[in-house]
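Worksheet: the structure to be examined is printed underneath.
Chains: A, B, C, D, E, F, G and H, in written order; residue numbering restarts at 1 for each.
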């Protein structure tokens, strides 16, 4: 099955964050390809990945990087496919540098930026699914089901917390 | 022609920023509906707008707001359509509050966040076009043309700047 | 005894912070109900909680959440009861995102924001007691007693620190 | 008619911000007293104001200040009445200093903090009304009416913005 | 021997930081008194400490506190003795809140602010010695000696680091 | 009359801020010398100023600078006289850079840091007076009088603001 | 005469900042070429500029950009010539975004970052001259002369400020 | 072999960061001298180091420091050799203070600033090599080889990550 989503991270040390993206795409049964490429250390490789992705029918690209996180922006400069950026908190500035470097794109070249770190990595997959769900009713249905699952999960946790309160009655 | 994109802003004072979104969508000939609704002052209206948008075939929702900018997040909590957020610099904190309130969404409910202010408002339209371009070859073609236009524009400006340098020869 | 205060947290992972609120209310013998609801994952549940709270005589609502902490704001948009917000430091941005998302509410819908984390969770309970103390002389008296207890506590600590100094005489 | 709310500002230069609080209280027909006192330049005056306020039946105190904004905290240290703080953006740090100085109160002495600047000044009055509305049905009713007015206002603005869109049809 | 310096900290949890101040004063043989008092929890105690200090010949007051660190400012509002503030990183905002709350004093009431945390606590003692050294030639001489000691210490460390380099020759 | 205080600023563009220091010292009748020297552009001049100041009986040095404001720290590294730093908001970072560069001094070399900009410039003079007041009863008396003047000023402003309130009666 | 330095800016709106770089290079009689190219809108043009620069004997590249300022980093990824970055304050975040995006480069690909805005633009030229001065004694001599000029300039300004003080004698 | 690069750090506690600089220079076979000197505790030693470096043929100076990191700036004020600054995250402000203190140099005295911490320490060595490579073809060749090594390294890591994905097939 051909990948619909390309996940690129700037370094293999970003894997503990970016595997949340892969895991979530698997839940939605969306085929993806996940690899490493650096905007700065392998600019040609990055360009080639983008061109191949376009040729092979990839529809969304997700890029995760830390520090002066140029990866998503550099990818976006080489394609008109939607690019989603995940800022990673891997420098002493704790992700603020990656957030600003990813989100503050100049007019003309958007990067759809998610939250810093694992929350953003997971949401990148969901947002990709929301895009793909516009033409794939199966994905759209799974998204609605996922919402219900989350709501049920919250209710279960609510019960646990409510019980915690009850055990210390006024 | 039915709107493909819904633009919501939190206050009419956001119009000078958010009309960049409308203008750009017009350039791509993408029909849109633009209105005002507040996450906090009109929660019911916001919910109704989202539900109507879904019913009427809207495929992307763009929300612009300032300060504790909850609008995009609240909209995203009521739909599985892709939601794009534009943080607006309208409080004394100059858009940092709006940026954090828009981008730092918890796992499960993504908002695709753009740059703060007018750059982000324009890019929200381009990103919406990139999403819609996945199933509309006409839009995809216009996006590629827009890239070339921007490149030409840069080259024109380069000439101007280069001439400026030449007029002060070493 | 019917709850006078409703405590809502965005996730059960916020319990170690928000149980400070519950504990403090117990000290003031103020009955409360504590539960989990997410502004984004369970918007309907959140709305229902607010409406039930109003119906059942709750007088103050306390909401604790992290990251793009919309919970207090969303609750405030559905009620004219006083809403107290506790920003929680649960994202890589260490609570700044939660603080800005909670405090920077637009004109019309206030959220009474407390300090980030456990200090704020405890103070939320005290502030709720200060509100309720306006019509309940018993609570007002306990608040004054609590102040005296804190002063005594400081004096005890002062003694300990003063002794520490004396043990290293000049 | 005796004041129910005391408004204190750190300097008369804060008046353009804090008069929003007074104006809003007038809309809710809540009698108030508004004055200037500095936490640092007039500590005795500040203490006396608080003691007099308690004696004269004031139920809520609102304090607005900029820079190292200690005013609300100092007032809160002298009373168990609810104290609402409005951080004002009057230093080169643009209100971040006032926000942190107001909201980051230690455990034991809460200050209910509003947004920086005029939005916060207006909301301080609304929050005071929400507190007083718990024992005054007339204020509670006015608060609900105010919500409806705001919703109507948003709808009016929405119409204006929608028309603006229509005048530039796709 | 009567204390020349009064050290006040907002909580006994600040002792690991503030004992650096005491230790340094001991090195300069400057008698001091060290205690705990909270600007907010024990305002009267704080005021009394200041008044007693003035009466008993204290010449410099050093105040260390975290979060919305009002302690130094409140003390400064009650005396015209020089007051030195040490911001402590004890809240999730990591000392930025304490720094702004201590340094951003309004015109009229200065607080001499030191670095955040232990560096600042040590420097507070040195700065107090510099003030006292203006009338005490012994202290002035010790300050000059301390400078030389520090320079010697740096040179010793330099040797260690230089050797480290030499052990990995090019 | 020989200068007791040396005021140094990093650039003549800092004069509108630093003349507040001079003006305030004049009010306290403290003789001062005010000049320009750059930590970076004129390191030798800066060193010579410090050495001359020490020789000529200067007792306090006040340094104002913007951006990477090293001036106060460099001066402090060459003297054991008390050095007061005034961070100036003259770069696009609006004084945060100057504040951190001035206050975050390493252990051993304190700089007594004042608020950013004009408030800090005025307070630097008052703090110098507080230091000098320890051995000059005349200055100590003027400081107490200045406090009373400020209190009277606040009361005058309070009247103005109270009248403003009264003109809009409930 | 062939250019030794290439100045690239991301947009012609950066010219008022970056012409400071050109002007300063002219003072040092260093031939340069100045043009516009965007990391994102014209990635191919940017690559070509770098490759041509290398071929034509350029020795230092200076890149100025605002917002998510990737320009210097992208250029550095395509050459091993020294690249100097100038962050420009052209977005609502006032240059903090450009600073972090320029300076926080990952290990392997350095960008020599200057101050935000005009100060940085001027210093970029001086730093380029310092690099070129290592093999060009003429430039090295001019740099030393420039230092003396600056020192003289400071002394002139000092006289002006000192006179200002004298006109208001104690 | 005579040192071409001088590495200075403000304290021996900076060694775990700054030894990355030494290690990288060794990889490029560039002889260096590494030592400790404090801008504030040993200003004379710092000046002497700079003057000796100039005399002994050092061509680039690298300075690493934390907190109010004046070291690079103070060194730059005494030489026209290129100075590279490495901000170190050793205070509670986590390197932001060191970054601003290093990069925000005033016009006239540039410091080429690298990323905060170890990434910056490594890049300082590479940037020094890029400067020296302008007159030393051997270093220039090693830099190009280093780029290729980094690219190969990225490809190896990519394989590892790709395999990780394949082991969890869709």
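Quick note on the criterion: a residue touches a chain if its C-beta (ideal position, glycine included) is under 8 Å from a C-beta of that chain, and two chains touch if they have at least 3 such contacts.
Since we're looking at a predicted model, the values are computed, not measured.
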> If you walk from chain to touching chain, how few steps can bring you from subunit E to subunit G?
Replying inline: 2
> Same residues or different residues: which describes how subunit A and subunit H meet, taking over half shared numbers as same?
Replying inline: different
>> Which of these, A-H, D-F or F-H, gives back the B-C interface, meaning over half of its contact pairs coincide by residue number?
In response: F-H
>> Just the number, please: Cα centre separation of subunit C and subunit H in whole Å.
In response: 47
>> As a quick test, compute the distance in whole Å between the mean CA positions of subunit A and subunit G.
In response: 36
>> With centres defined as the mean C-alpha position, give me the subunit A-subunit B separation in Å.
In response: 19
>> Just the number, please: Cα centre separation of subunit A and subunit C in whole Å.
In response: 33
> Which residue numbers or ranges of subunit G touch two or more of the other chains?
Replying inline: 11, 38, 41, 67-68, 91, 93-94, 96, 103-106, 108-109, 115-116, 119, 147, 150
>> With touch defined as at the top, which chains are paired up in contact here?
In response: A-B, A-C, A-G, A-H, B-C, B-D, B-G, C-D, C-E, D-E, D-F, E-F, E-H, F-G, F-H, G-H
> Of all residues in subunit F, which touch subunit D in the complex?
Replying inline: 89, 94-96, 115-117, 119, 147, 150-151, 153-155, 157-158, 160-162, 164-165, 168, 170
> Can you list the residues on subunit E that touch subunit C in the complex?
Replying inline: 1, 9, 11-12, 15, 19, 22-23, 25-26, 29-38, 41-42, 44-45, 67-68, 91-94
> Taking the complex as given, what residues does subunit E use to touch subunit F?
Replying inline: 59, 80-82, 84, 99, 103-110, 112-116, 118-119, 122-124, 126-127, 130-131, 133-135, 140, 143-144, 146-147, 150
> Taking the complex as given, what residues does subunit C use to touch subunit B?
Replying inline: 10-11, 38-41, 43, 66-68, 70, 73-74, 76-78, 91, 93, 96-97, 100-106, 108-109
